[in-house]
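Okay, so chain A shows up in both of these, paired with chain B first and chain C after.
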Partner chain A sequence: MAKKRVAVVGTGQTMHKSHRPDVNGQELINEAVKTALADAGLTINDIDAIVIGNMDHFEGINYVDCWSVDGSGGWMRPIIKLTTGGTTGSTLAIGGYHMVASGMFEKVLVIGWEKNSESDTTGAITTAFDPIWDRLVFAGAIAGLAAEGMAYMTEFGITDKDAARVSVRDRKHACNNPHAQLRKEVTLEEVLASPMLSDPIHLLDVCPRTDGACAVIMASEDVAQKICPTPAWIWGTANRHTYTYVGDLNLGEIDSMKYAAAELWRKTGITEPRKQIDVIELYQPYSFAGIIWIEAMGIIPRGKGAEYIWSGATDMGGELPINPSGGVIACNPIGATGLIRCAEACTQIMGKGGARQVPGVKMAVSTGFGGCFWTDILLYGKEKPNF
Partner chain B sequence: MARGDHLVISSGDAVQPFHYAVGLHGSKFFHELKENRRIVGIKCPSCGKVYTPPRRVCGDCFVENKQWLEVGPQGVIDTYTIVRYAFIDPETGKQKPVPYGYGFIRFDGADTRFQHFVELNDARPIKIGARVEPVFAEERKGTIRDILYFRILD
Partner chain C sequence: MENIAIIGIGMIPIKANYKTHNFADMAWETVNAALKDAGITIKDVENVITTSNDFWDGRTISCMAVGDASGVREKNCSCVEGDGTFGAFYGMARILSGSYGTTLVTGHTKGSESISSLITNAAFDPIYERALGPDMISGCAMQARAYMERHGISSRQTALVSVKNHGNAKHNPYAQLPLDISVDDVLNSEMIADPLRKLDCSPVSDGCCAIILANEEKAKKLCQKPVWVKGAAFTSDAYFLGDRDLADPRSLAAAAKKAYAMAGITDPARQVDIAEVYDAFSYQELMWLEGLGICEPGKAAHQLEKGRFNVGGGLPVNASGGLLSGHPVIAAGLYRIAECVRQLRGEAGAVQKDGAKIAVAQGLNGVAGQSHCVWVLGADK
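Now for the complex of A and B:
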């Protein structure tokens, strides 16, 4: 159990775009850091330690903890890198939480970033998979997701139209988010008419590649409310990895989410997540996950996800809005993506969401997804946890 | 010089310096495949799960697997996709052969799935639950390419 309760007291994001040739990596990182410091009303001298990360092999430059110190504020400060593939951003948030919760650091700056425009995304992802057993047929992130979607579709008889409804939701929500890369509404027909990339996934079912950075400042309970009057308290975190080779996966239901969420609810006293949680920022790289993964999370029973999506319950104004930011389908600077989910969930708690604000948020969830089918999950509250 | 040419990083004709060990368990799998056209798996003594590809440790139980079994060679497609988008395979520097069937095949007697190419054939469309069998290469070298692809039987 944490020695200190921890809150998010400030967040900052770049304006995410498909290509940012105007800045190099450290300059991009600096934009997010300066924004987060301004949001918290702090200077870099207030920061005790930094956690930074992006995805291995992307950009072909490793050791961001070293080369970015001018931009990150890491010059002559304790700085450590975490990188866990697609979950990097959410792992960064969990790592920052651990550092502050341990009582060893009072204020920690957490940074995730990526310049996908300077990377061969599919080539780089391939290097994360086993060279002997996985790579022969491997086709980046999309094919594994497609195999999950196919398994679920076949078991429950949903169609790509059901999944398209999720994409329509997130792309509509993104129009409210000035940081999102893709801010354009689409129709069901447009999603279904977009090119089939890997059956059953259409082009408009999946995330783009984005340049962007995100920074989040976490502080211990000793100072959190002096920095931010309504901080977002971290109630708990959980994560799971479940396979060695992709063929080991139980594709069609995401075991890592099922077990991570169950642990998080148990640790934090959540008994009815659908009623007790006000908003979810789901790391949802493709539309079918918007159906399958909320079932694994325990929001609704298995097989009922599509019906729940069609009811409008997860739209803005519904009982449990998902991805008010537009989510990953609208914006995906991979090493930052999981941390953006954290920043967006905390923004909702703080009431700073502007056009994308869900009214009266008391409890929020963010998730991370990576590699293939790993899950990180974090729970935040407006109230300080009483444990 | 075209715009951006001065920024291109390439390795010319150099090959990548990676020489991966497959371990004793991988070696046995590939030896049986090459010499006998047999598929082998290994069973966890604790939970009974049969792993193909075989490996030394059952991650679930964290105990050493010791009981070798012959599985397949026929199996069933647990799930699949048809990859249609073109991209360069970083393993070869060439485009992947799109469109191709990407199957998660559970060999008869195994519990985990084996990933390989599945034929795309209008007469016998790829689907979950379809039975398949491997088509072996005539000249086998002890690699995963000793299976050319999986043929759909029904």
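Now for the complex of A and C:
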């Protein structure tokens, strides 16, 4: 049992674009922070601690917690940096949760940001892998994803057309989201005709690079409902950063999602996730993940993902809409991406989704993906958890 | 605050260069040392926080390199970037949240594989400052000058910190640089960045440290010799050096005030028995002691000369030899905590402070001590 139950009481996102030359990093962060504070009706003086993160080598700034204070509001406040690669944003959300749940801080500001336009993304990610065993043959973001997609295709006989259906869904959803970077519908044919980046992944199957920041304010149960009449309660968190070496991966069957989701459902009393969850914000950096990872999450049986996607069940209006925001394929400021999933899931609970609102959301899930096929996952509810 | 204990510590000797170890090798040895010290297995560890820094490691997602060696595979885990004291703080928060009964916290750095001037230059603002070439040493040299001017402190006085700490290191099997030196040796050593001479500066080091935290229930069940966390807090000052009063460590004072309040300490100068502070440079030990409320501003040098901070003095400071005797950057604060644990358990050998009950450990992030984390530890609950 949490010492203090925790709720999200405000969220803020910047204008996300491929290049934001109008702001420096601190200004970008500040744009998200001010929006979140306004959303919660708070000022920076109400904030007891700050949790911030990004991926260092993208912007080349060391000690980002220290550097950020003019934008983040960290001056003469506790500020701490968490970084776990692609999972950074979700790691930050989990961090904010524990800081508030500990009872040491009543209101915590959580910030994820990235200015990818200043980075050599693949160059930086390549250095994450072991210099002797993995780096020379198997590194960067897309190679591992392609291998996963190919492994799954081989096992279950799906095609890149099945995956393209996921991309069509998310890109259509993105048109409803004013924060999304890419708001343009595409057809199956356009996805399949787009350049092949790493077989079987086409250009329109994958996420873009984005400049953007996201801020989320979390508060303890003592004050949450005073700040926000309909806060999004955090029911639980789980993660698995299962592997260090690419060679250890169980390709085509993402172990980290399987174990993290199972733990989360067990801890929160979820027995039938497909029925009990109303919306999912999935950190889905490429279309094949939209099929493979919802199986690992326990939404549908293994091998049935493509069929479920084609049924329209995960579209807006379906039984379990996935990525009403347009997801990562439409917008990907990496250090913020997992936290945007959190903010979007909470927006759905709060009923503030506008054109992308799913009606009657009571339970929502957000995830994060990164590192060596790692997963973070959080569950939110409209009701305060009774455990 | 609910009672939290440190039930195990693991250190590997700090060295100039662990040629035979990669990051995972260092973490593996350290984690196993901590488990052995606590008398538990990795199965008793409920979650793991690794502490690392992508710049110091030259690897993006630096936590990935030590994940398997730290036992994260089937556990919840996270990574704090910055000094290990901050990692330990988050590890403690995860226990206090009620989510976990125990947390393993690790921190590692291989300075031998790093170019510290480039890495710390990257901590400066990329638009306004970086091209001028500042790094940690030149930034701290300005702070040293500001502090010495403000309070009339001489290089002879700051040198005494180096003499004391290198001497203390002779009794510490984990220290890298035990040295018999005099004040004149310090004053005659190479000038690095005025007023900092070579022997005023901590060395480049490799090291890894781990601690295991537990709630009271688990501590009672698992541990014969718990050390208790009485208080912990962290605070950041302004970023641009020009926006700060470099001679006044106000973020440290703010963090210390909060940590003491949690610990019920009203007069740290009298109530603290032992301190392990972040002496990356000789002058810093004096400044931080003042920020920690152990001395009035500007008075630490005089008390150092009187012997108060020596082993056998009223309040031994860096009895382990401190960072001047070995400075693995990210692990540094965890080593400070672990050395305090040794003292509070009465296991510090020749440098043991008799009857030590309350210890203070400090870690920091950023240039010239922008952001500080203060821990107050107790032998008793």
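Assume the second predicted complex is superposed on the first by the 385 of 387 C-alpha atoms of A that agree within 3 Å, B and C clash if a C-alpha of one lies under 4 Å from a C-alpha of the other, contacts with A are read in each partner's own complex, and residues count from 1 in each chain.
Here is the rule we go by: contacts are C-beta pairs under 8 Å (C-beta built on N, C-alpha and C of every residue); 3 or more make two chains touch, one makes a residue touch a chain.
Note that the structure is predicted; figures quoted are calculated from it, not measured.
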Of the two partners chain B and chain C, more of chain A gets touched by chain C
*Check whether A:Ile334 is in contact with chain B, with chain C, with both or with neither, and answer first, second, both or neither.*
neither
- May I ask you to decide whether A:Met55 touches chain B, chain C, both, or neither, giving the answer as first, second, both or neither? second
Quick check for you: in the superposed arrangement, does A:Leu197 touch first (chain B), second (chain C), both or neither? first
Examine A:Cys342 and indicate which partner it touches, taking first as chain B and second as chain C; both and neither are also allowed.
neither
If we overlay the two complexes on their shared chain A, which of chain B and chain C does A:Asp65 touch? Say first, second, both or neither. second
Practice task
Give one of first, second, both or neither to describe whether A:Gly74 is in contact with chain B, with chain C, with both, or with none.
Solution key: second
In the overlay, answer first, second, both or neither for which of chain B and chain C A:Thr127 touches.
both
(Q) Looking at A:Val137, would you say it contacts chain B, chain C, both, or neither? Reply first, second, both or neither. (A) first
If you stack the two complexes on chain A, which partner ends up touching A:Val168: first (chain B), second (chain C), both, or neither?
-> neither
In chain A, both chain B and chain C touch residues 60, 126-127, 243-245
Counting only contacts in the complex, chain A reaches chain C at residues 1-4, 24, 53, 55-57, 59-70, 74-85, 91, 94-95, 97-99, 101-104, 124-130, 237-245, 259, 263, 370-372
Note: in the complex, chain A contacts chain B through residues 60, 120, 122-123, 126-127, 131-140, 142-143, 146-148, 150-151, 154, 195-201, 243-249, 251-252
Given the complex, residues on chain B that touch chain A span 9, 18, 20, 22, 26, 51, 53, 55, 59, 78-85, 87-91, 96, 100, 102-104, 112-117, 127-128, 144-145
Chain C contacts chain A in the complex at 1-2, 24, 53-55, 58-61, 63-69, 72-82, 86, 89-90, 92-94, 96-99, 119-120, 122-123, 125-127, 233-240, 250-251, 254-255, 365-367, 370-371
